[in-house]
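The following pair of complexes shares a single chain, chain A, combined with chain B in the former and chain C in the latter.
Up next, the complex of A and B:
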C-alpha cells in the first residue's frame, strides 16, 4: 500500500485516507446520536415531570413574582410567581405530545390515502389527489383560528386543526413513493403469484416505501412542535393556565428586563426541534445507500 | 462531408508513428467502507493515431474505470495509485485540472453507455452542441451552430436544421447517441472513448451506430477506444483488442488473431459462452460455461486471478503470471499457453463437462396456450384538451399457439410489444380485444379470483434481477411466498424443506434462504427468480428477457439452467429476448414481432436459414458476429432510421416505411399472415424476395 503510493507522485497522501470503523460511524451518525439523546432526555423529562419539578406548575404566589433565576427558582418566576422551571418540565408533556401525535396521525392518514391513490390510479387517483391539494391550500393558522372560534380553544381542538392541514404532504410523498414501487418487477411478480391489490400494497409496496416517510416524520415532529407553540403563542393553543412552551413565551414576551420568562421555554423549543432534525438527517443517511458510501 | 473533417481549426497532424495515447501500468484504486478495491491493477496499452482499439471484459473487470482514469473523471472515492497515462507525449496524471479540462471534449471525446441520462433534459440539443463547440474557444456562436448542424447531419440525423432545436426527450436512444457523437466530434478530437455506446440500443440501431463509428474513424481519422462486453461489437469496429479480467489486462492482440485462437482461457470462455448466429449445431442446446463468478475485487487471488475458474489450470498457476509478449504482436497473461499449448475448440469441452445426453421429450402437440387476435392499446394523455384521444398500439392483433413442451421465442426491437404480450398472457394486463385460452380455459377477462387456480400453472421470470425481487424479503421468503399463498405446503416445516429443494434445483445452496437479495450477484438473483416461478410447479413459464442484463458467461449458465429445468420438469417456455443468437439457441419456434404485429413465425432453423420477411432478414443481418473474417464477408441489409411511433402506426404493412422492397400495394393493403412453407408463416406481400 505505502510502497505503491510512494511510486506514484500523483497519488493522494501516502497516509491511507481510510478511517477506522468507529471514526466513520461517529462522523456519520454522531449528530444523529446527539439528537436522539436530546429527544430521549425530553421524553423522560415529560414522563417524570411530577417527580422532577420542585413546585406544582400552577402554584400562584404573587409575593414572589418575577424573581430572577436563583438556587431556589432555577429559571426564575413569572408574573404570577409561578416557577418557570417547573412549568417548563410540565410544558414538555403538552408540546411533545401534540407534536408527535399530530405528525403520526397525519402521516398514517396521508400515507394510506396517497398510497391508495397511487395504486388505484386513473379517476380515483385524480379525485384523491385533487382533494389533497385542496387541503394543502388552507393556511394552518387561519384554519386553527376558525376551528378555535367554532369549537373553542383547547389542546385537542388545536391539534385537530393542525391535523387537517398536516396530512396532505404525507399523501403527496407516499403517492410518489408508491408510484415508483408500483412499476417494479417484483410487484408484477406478486401479481403473477396471484396476490390481490390490497395484499400487494400492504405486503410489498408499503414496506419498500416507508424509509423516506420515516425521515419526514422525524424531521416533521420538530416542525409540528413549532407550529403548535406558535398557535399557543397567538392564544389559540392551550387554555391557561396549562403550561406550554409557546404559551409561556407569549405570556412573558413583554417582559424585557425579566428575560428568563421567555428565554428558557424558547431554548427548550430550540433543543427539541434540533434534536428531531439531527435524528431525521441521521435516519436519512442511514436509509440512503448513496449517502452511506462516504 | 470533407468540409466538416477539414474545417477551420483542424488540429495539426500528429506524428504518425508515435502512439497518441500510452497507458503504462495504470493502477486505479477505489476506497470503500469494506476496503480498497483495486479496480484497475496494472493495465498497459497504446493507441496509434487513427487506430481502433477494443477493450472487452465482464462487469467489474475494470474497463470503465480505465476509461474514466484516462479522462480523470474518477468518482470521489477513486484515486490513481500508480502508472502513467501519456497523451501525445504529456502525462495526463501530471496535468492541472484546467489542462485536463482543455483536453476533454476537444482532443479527447467520450461517449457514455446510457444515452438517456448523458444529455441535459431541460436544454435544447442546439444549446448543448453549441456550448460543447465554443467552450474550447475555437468557434464563435454562429460558426458553432453551423458546425453543429453539419455534424448532426453527418451523424445520420435527418433534417438537422429542424431537429437541432428539439429537446433530448424528443429523441430516441439511438438518436441521442448520435447527438453525443456529434458533441464529441465538435472539436475534431484525436481520440474517442466510447464506453458501451450501443449496449442500451436495439440490434438494428446498434448496427447503425457501429457503422457510424467505423466511418468516423476513417473520415475524421480519430482513434477510437471502444469498450464493450460484446466481442461481436468489438470485432465489428476494432483492429486490436485488449481483454480485461479482474482489473488486469489478460490478453492483447489483433482482433482477427485473438478471436481465431485465443491464448488466455478467459478469452476462450468469453468467446465460447455466447451462442453464435453463424455456428449452430442442431440438438446442441447447452452452452460452454466456466464455473463460478469473478473474484472479489477487495481481495484478488494471489496467483493467476482466473485460475479458480480456469478449466485448463496447471500447477504453475498458483504463481501470478506476467503479461508476456509472444512475438507476433500478441501477448497474454497465462502459463498454460506460454508453453505453446493452444486451447481446444469449444464443442469438445461441452461434451466432456456436461455429460448429459440430449434427452428432451418432443413437444406433445397438445395446445397449452392459444392467443387469438389479441389487442392491447394504452391510452396516453391528450396533448391538448381538444386533441383526439391517442393510444399506443402495443399489441395489435396477435395470433399464436403454443404446444406443450416446446419453447417459443419472441423477438423484435423495443416497442414491438414483446413485453406487453408477455404481461397479457400472464394477465398482469387485461386485453382490449381477442381471446387468451390457457389449458382450454378462456382467461381473457377472468377476474383475479377466477384466475388464481391457473396461476399455479403459469409463471413468469422477469428481466431485471435487481428489480424483480422484493429487497426487504429474504430469498427464502421470496420463494416461499407462492407456496404459502396457494397453500401448496402443509406447514412451515414442509415449506422450508420445499424452499431448500427449489433453491437446490436452481443451483443455490440451501443457506441462501436466509440472505437478502442485495447479497447476491445478478446471476444468482435470476436463479432466485426462477426458483420462485418453479415453486408452484407450473407448466408454462413466460420469460421476459431473463438474461439480457447479465454478463455473457452468466447468461450461458442461466440458459443451461433453463434448458436443464425444461428437460427435467417438462416445462413449456415462451422466451422473450432481443439477442437473436440466444433465441435461436433455445427456441423450437420463433415469432418475430414488429410494432405490435406478427411479421413471421417459423421453426428456429427455417427462420435463420431462409427468412421470408424482410424485417427478419434485416434483424439477422444486424447481429454482430465475433469473427473478423466472417464480419467482413457478411452481406448486410441494415435497416435505416427508427421504428415509427406506435401512436400512429403506418397504414397497410407496418414495416413498409423501413422496408427495402416496399411497393405501393404495401401502403394500402395489410398483408395477412400466410403459411408460405410448412410451418413457416409470414405477413408480407413479397415473401422471400430479399
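Up next, the complex of A and C:
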C-alpha cells in the first residue's frame, strides 16, 4: 500500500437501501474487525511461538528432510529437515517486529520533521520539504538495498536501512495536516495564552490531525513487512538460519515438487499484509464516513 | 506557461544534482569497505595491494574531492568504472537498460489494459460478482510479496504444467536477435524471425504478470473509485435523462472524466514499474537494470550503485516532470496559481 492508495478518492453517492442492524454493523466495522483479528492472532503467535511450535525452529535432521505436509509436520519439512510450521511461527516474531518498528520510528521522525517544517514556515519549511522531496525520488528498495549491503546484513542493520527511506512520506503528510490546523482559531488561542511552540504542536495540533496519520501507519506496516521480507529474500536481511518469512521463501524457492517450503511463508506474509490493509481501510472509513466504501 | 515550464524544469535538474550528492554521501559514510568486498580476504590482508587498489580507484582522496571528480566526469557523460564488471558504468547501463524497459513497458500496458476495464466494470456493476472479483484481484495484487508471487507462478506454470518457459529473456540455446532497438520483441520481428518472436513473447508473460500485479491492483481501485464518483455527477444524470443508451453514458460521458486521476497515476505507475524491477528481475534471471543493481549492491560496487541510483532517480524525476506538464494540459487552472 502506498500513500497514493490512501489518498485515492473513494467518494460515491449514497443510494438509499434498507439494511438490517447487523448488516450495517458489518459494513461499518466488519472489515476493520477482520483485519484487527488477523493481526492480533499473529501477534499472539509471535509472542507464544516457543509454546506453540511443535519442534525447535533450527533443529536440523536430515533423516526427515523434504517431508510433505502431514499430521506430524503440518507444513512439511525443508531441505535440512527443519519443520516449516515451527519456523513459520518463529518467523512471525522477526517480520512483525521489523515491520511495526520501522513504520513507528519512521512515522515518528517524519511527523516530527514535517510538523516542525509546517509550523516554522519560511526558509526552514522550504529546506526541510525540499530535502523530503529529494529522498522521495529514490526508489525505496534500491536505496535500502544499497545501504543494507554497505552496512552488512542483520535484522537491525536492514531495519536501519529501511528507516532511512521510510520517513519522507510521513513528513509530507504531517506537513499538510499541520498546515491545515495552523490557521485554526484554537491554535491562535493557545498562542495567546502563552504556550510555547513545542507544546502547541504536540498537545494541540497533533491530537487534531492524528487520524490520517494512524491510517497511513496501519496501511504502511503491511508494506514494510513486504519490503523487509523482500530484502531478506535477496539475502540482505536476516542472518541465516534465522527463521524469517522472506528468507524461508528464498531458501526453498528452487524446490518445485516440494512446494510447501516456500508457499506457506508466502501465505503468512499475504495474510498479515491483508490484515493491516483491512484494518487501515476500516479505520479510514470510520474516520471519514464520506469516503466509506460501499 | 513558459514560466511554469522553466521553473519545473529547473527544479527537476536541481533535484537530480542533489540526488547524486545524497547517494554519494550514503555510499561513502556508511561502514563497509568496498576494498574488502572486492579483493577478498587474502589480498585485503596485504597493505601494499590495498593501498594500490585504493589509489587506482581514487578511494584514498578526501570525500569532497571524490565527489568533485564524480561530478566532473558526470558532466562528460562518464559515470565511472564499475568495480565488479571493470567496464564503464554507462556501458553497463546501456547494455542492461533495454531488458528493463521492455519488461516495464509490457507490465505497464498490461496493468492499464486490464486495470481500467476491470475498474470500470466494477464501478458500473457495483456489488455484483465482477465487483467482488475485481476487489479480490486488486487485494491479492497489492498484498502479495512479488518474490512469492513469482515463485508460485514459476512453480505452477513452468514446473508443474510446463506451459511456460523458465527464467531469462530467451531459451539458453537460442541466440538473441540482431540488436536494433534493444527490445527483443521488436528486434526479432524486424529480423523476420517469427519463431524467436514467439519464444521472446512467451518468456515475457510470467515476469510481466508478476511485475504488474501491485500496479494493476492500484489502477483497478483508483479507476473504480473515480468512476463511482463520476457516475454520481449531475451531467451523467442529465445524459441518462436525455435517454442516451447506458453504454453511451458510460463510455462517452463518464469515462473521459473518470480517467483524469488515472492518467496522472499512470505516470507514477510507469516510474514505479521501471524502477521497481529488482525482485522480479532477480527471480526471473532477467538481464536488466534491477538484476545489475542487485549484483552491484552485493559486491559493494559503489560506482555502479551510484550510477544506478542516479539513473533511477532521474527516471523518476523525469516522469514526475512529465506528469506535472500533463497536469497543465489536463487542468488549465494549475497555470493560474
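The rule we apply is simple: the second predicted complex is superposed on the first by the 266 of 294 C-alpha atoms of A that agree within 3 Å, B and C clash if a C-alpha of one lies under 4 Å from a C-alpha of the other, contacts with A are read in each partner's own complex, and residues count from 1 in each chain.
The rule we apply is simple: contacts are C-beta pairs under 8 Å (C-beta built on N, C-alpha and C of every residue); 3 or more make two chains touch, one makes a residue touch a chain.
The shown structure was predicted, so the numbers you read here are calculated from the model rather than taken from an experiment.
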| item | value |
| --- | --- |
| Superposed model, chain A: greater residue contact from chain B or chain C | C |
| Touching partner for A:273 - first (chain B), second (chain C), both, neither | second |
| Partner chain in contact with A:222 - chain B first, chain C second, else both or neither | second |
| Contact residues common to both interfaces of chain A (with chain B and with chain C) | 1, 4-5, 8-12, 294 |
| Chain C partner contacts - residues on chain A that touch it in the complex | 1-2, 4-5, 8-13, 130, 133-135, 137-139, 141-143, 145-152, 164, 222, 226, 229-230, 233-236, 246, 249-250, 253, 256-257, 259, 262-263, 265-266, 269-270, 273-274, 277, 294 |
| List of chain A residues in touch with chain B within their complex | 1, 4-5, 7-12, 16-18, 24, 184-186, 188-196, 204, 207-208, 292-294 |
| Touch list for chain C against partner chain A, complex | 15, 18-19, 22-23, 26-27, 30-32, 126-127, 139-140, 142-149, 151-152, 154-155, 158-160, 218, 221-222, 225-226, 228-229, 231-232, 261, 265, 268, 272, 275-276, 278-279, 282-283, 293-294, 297-298, 300, 305, 308-309, 312-313, 316-317, 320 |
| List of chain B residues in touch with chain A within their complex | 27, 31-33, 35-36, 76-77, 79-83, 93-94, 423, 426, 428, 448, 451-452, 455, 459-460, 462-464, 467-472, 481-482, 485-486, 529, 532, 536 |
